[in-house]
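Letters A, B, C, D, E and F name the chains as they come in the text, with residue numbers starting at 1 for each one.
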Amino acid sequence: MKFAIQINEGPFTHQAADTAYQFTKAALENGHEIFRVFFYHDGVNNGTMYGVPPIDDRNVSAIWSELAEKYDLDLVVCVAAAQRRGIMDEDESKRHGKGAANIAPKFRISGLGQLIEAGIEADRLLVFGD
Amino acid sequence: MKFAIQINEGPFTHQAADTAYQFTKAALENGHEIFRVFFYHDGVNNGTMYGVPPIDDRNVSAIWSELAEKYDLDLVVCVAAAQRRGIMDEDESKRHGKGAANIAPKFRISGLGQLIEAGIEADRLLVFGD
Amino acid sequence: MSETKKFVYMNRKAPYGTVYALESLEVVLIGAAFEQEVQLVFVDDGVYQLTKNQSTDGIGMKNFSKTYSALGDYDVNQIYIDEQSLKDRGLTMDDLQELTYEDEDDDWAEKSSMKLVNREQLAELIGNADVLLNF
Amino acid sequence: MSETKKFVYMNRKAPYGTVYALESLEVVLIGAAFEQEVQLVFVDDGVYQLTKNQSTDGIGMKNFSKTYSALGDYDVNQIYIDEQSLKDRGLTMDDLQELTYEDEDDDWAEKSSMKLVNREQLAELIGNADVLLNF
Amino acid sequence: MSTLHTVNKSPFERSSLDTCLSVVSNDSTVLLIEDGVAGALQNTTASSSITDAMGNGVKFAVLGEDLGARGLSADRVMDGISVVDYAGFVQLAADHDNVQSWL
Amino acid sequence: MSTLHTVNKSPFERSSLDTCLSVVSNDSTVLLIEDGVAGALQNTTASSSITDAMGNGVKFAVLGEDLGARGLSADRVMDGISVVDYAGFVQLAADHDNVQSWL
C-alpha cells in the first residue's frame, strides 16, 4: 500500500515527528511504499542541519536523512512555511541574501502542491501533529 | 517595576511570542523596566535571522531585534535548547562545524542560569507559551 | 492524475492563537487548482475562524479573515459548520461571515456555501472522505 | 544576590508527548545551584512524569525518568503531587517512583521528598510563590 | 499574597481554565488572553463555572486586543469581566504579587 | 467506508477524544497514541465514554510503545482495547479506508 505522511510539528518539542518516523519505518519494513513525507507548519524545522542534540538522545533530522538515504524517500519541506521559519536551501539562501543554506541532507524545498499531489497519489494520507 | 519575560514557543505557530512582545512593549512604554527576555524550548526559534515572512505580515524576530535596539533589551536564547533546534551564533557555529551563524541581531546565547537569575532579580517573572 | 478524490479539511483551531488556521487556508487555496472535490469542515474552536469583524491591529498580526470570502471564486463552496460547536461557544450563524459562490449551472446566481450540520452529518462527511487534512 | 526567593515549578504536562517535562527538569537542576528555595508541583498530566518503569526504547527517545531520583542530592526535596490529578487518571502514589533525600539535620536519615496535596494546599503553594515557572 | 492567573487556551478545548478555577483564591484575578478570551463570552458552556468563581470573590479580566482579533465584541462579554488592553495587563501583573501562567 | 481515528492527546487535558467519540461510527477504530494513551487505562474519568462507544460497536486500540514510555503497563488497559505496536498501527491504517487525526 502507498502511504503519504504529513508532519506539522518540529523536532523535540512535540512527539509528532518521532511518531511519524516510527510509522514510516514500520511501513517500509513491512513492504509498504511511502509516496512522500511532507513537512508543514513547524514541521519544516525538522529539515535543519544545524541541530546538535545531546549525544545520548536521538537527532530527529539526522534519522530522517538516514531513513531517506536507505529507502530513497522523498522528504519535502513546504517553501512558504520554511521561509517564515528560516529554513533555507542554497537557492533560497542566495535569493534572500542569508548566510548559508541550513537544510539537512535528503530534504528538499518545494510548494504546497506537493502535499495535494501526495493526497491524490497515495492510498492513505496520515497527519502527525500537536 | 522590574519584569522578566520567558518565552516558550517559536514565531508564527503560537501567539506566545507576539503576546510577550506586546506585553514587553507596553511595559516599557509605561515606564517599567525589563530585566531580561529569556527564550526557552521552541522559543529559541525566535532568534533566527533566516526567517523571511510574507511582507504583509509581521517579522517576529525582527520586531524583537528592533525593540531591543531601542530599549537596550537583554534577549537571551538558551544554549541547550538552541543546540537541539539549530540556532547558532558565530562561536557555536564554528565549534560544531556548521555553515554559519543564524542568530538574529541583539540576541545572545547563554545558559539556563540566566533564567534563574532573572527570576531572582526581577519583581515579576511572566511566562508566555502554548 | 487518475481520479478525482474528496479532500476534507478539518478546521478545529481558533485563528491567531496558533497559525494552523492561516496555513490551512493556504493549502485550500493551492489545492483548489487541482480540480479535486473539496469540503471544509469547521468544528470545535475552528468555528472562530469564520467570525465577522475580526480586527488584528491590536495584536500586530495579519488579518486573513477576508480570504475566506474568496473561496467561492476558487470553486470551494462546500462549507460545513458544526452546530453543537457554535452552541457550546454562545455563537450563532449570525456571528459568522456569509460565504457565497456563483452557481454556473443556475445562471450564476449567488448562493450560500455554508451548511449547518449535526454530529451525525459530520460523521458522514468524515466517513465519505478520501483524504482528511488536519492541522 | 540580595535575598532568597521561593521558586515553584508547575509541572502540568506528560513526558515524551512534548519536551516540556524534560526541559523543565533541566531548569530545576541548573536552578538548584542558586541556593533559592525550590518547590516542585506535579498536577494535571504532570503526574505522569513520575510514573515508575518508564521504558522509551520503543519510541526511540531518551528516558530521563531516572533523573528525578537525583533531585534529593541537589537539595530539591519539596515535591508536591496533586491528589485529584492522580485519581482522575486512575493512578495512586504506588504508581509513582519514590523520591527521597537525606536529611542533614537528622543524621542523614533518608526521608521521602513527596507530599500528596489537595487543591486547597495547591492554592497555598501558588499563593506563597515568589516565582512561578510554567512550561 | 495575591496572584494574577493568565489562561491562554479555549476552555472548550483544554482543561486549564478548570484547573485554574479549582485553585484560585478570592484575592486573585484571572486574566483571559489569546485563545482563552473565548471563555469570556456570555452563554457558553464555561459561563457557569466563571459565575461561580465570581461569587467566591475572584476577579476576572479579558484582553480586548485578543477579543477583537477573534471578532468577539466587548458587549458580548459576561457582566463582571473587565476588558483591559496590554497596558492594563502590565498593570495587573504589577498589582499582584506573582503571576501563574496556565500554559 | 470505515475510518481509523487517531487521538494523540490526553483526554484529561483536551477535548479531542470527546469530539472524536461524538462522530465515530461502528465500523471504525479509535487508536490512542502519544499522550492519548492515558485514556486507555482502567478507572479514569474517560473510561465511561469509551465503554459507551464500545457498546455501540466502535473498536479501540492503543499504541504499546507509548504506554511503555509513560510507565503504563498493558495489564492496566481497559478490557476490549487491544494493544498494538507501530507495525500494528500501519496495518490499521491499511485496513481502514481513511485516517482522521484528531490533532
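Observations, loosely collected:
Quick note on the criterion: a residue touches a chain if its C-beta (ideal position, glycine included) is under 8 Å from a C-beta of that chain, and two chains touch if they have at least 3 such contacts.
Owing to the predicted nature of the structure, the values given are computational and were not obtained by experimental measurement.
Looking at chain D and chain F, the chains that touch each of them are A, E.
As for how the two copies chain A and chain B face one another, over half of their interface residue numbers coincide.
Pairwise, the chains sharing the most contacting C-beta pairs are A-B. Taking the mean of C-alpha positions as each chain's centre, the chain lying farthest from the centre of chain D is C.
Of all chains, the one whose Cα centroid sits at the greatest distance from that of chain F is B. Computed from the mean C-alpha positions, the centre of chain C lies at a distance of 43 Å from the centre of chain D. Here the spacing of chain C and chain F, counted between their Cα centres, is 27 Å.
Here the spacing of chain A and chain D, counted between their Cα centres, is 34 Å. Contact of a single residue of chain C with at least two other chains is seen at positions 16-20, 44, 59, 61, 130-132, 134-135.
Among the residues of chain B, those touching two or more other chains are numbered 8, 12-13, 15, 19, 22, 41, 54, 80, 125, 127, 129. Each of the following residues of chain F touches two or more other chains: 8, 12-13, 15-16, 34-35, 65, 85-86, 98-99, 101, 103. With chains as nodes and touching pairs as edges, the resulting graph is of another kind, matching none of line, ring, star or complete. Chain pairs that touch one another are A-B, A-C, A-D, A-F, B-C, B-D, B-E, C-E, C-F, D-E, D-F, E-F. Taken together, the chain A residues at the contact with chain B in this complex read 10-13, 41-42, 45, 48-54, 61, 80, 83-88, 93, 96, 98-102.
Of all the residues in chain F, the ones that touch chain E in their complex are 12-16. The residues of chain D lying in touch with chain B in their complex are 1, 3, 5, 7, 19-20, 23, 26-27, 30-31, 33-34, 36, 130-135. The touching residues of chain D, counted against chain E in their complex, run 10, 12, 43-44, 84, 119, 122-123, 126-132, 134-135. Chain E makes touch with chain D in their complex at residues 1-3, 15-16, 19, 22-25, 28, 98-103.
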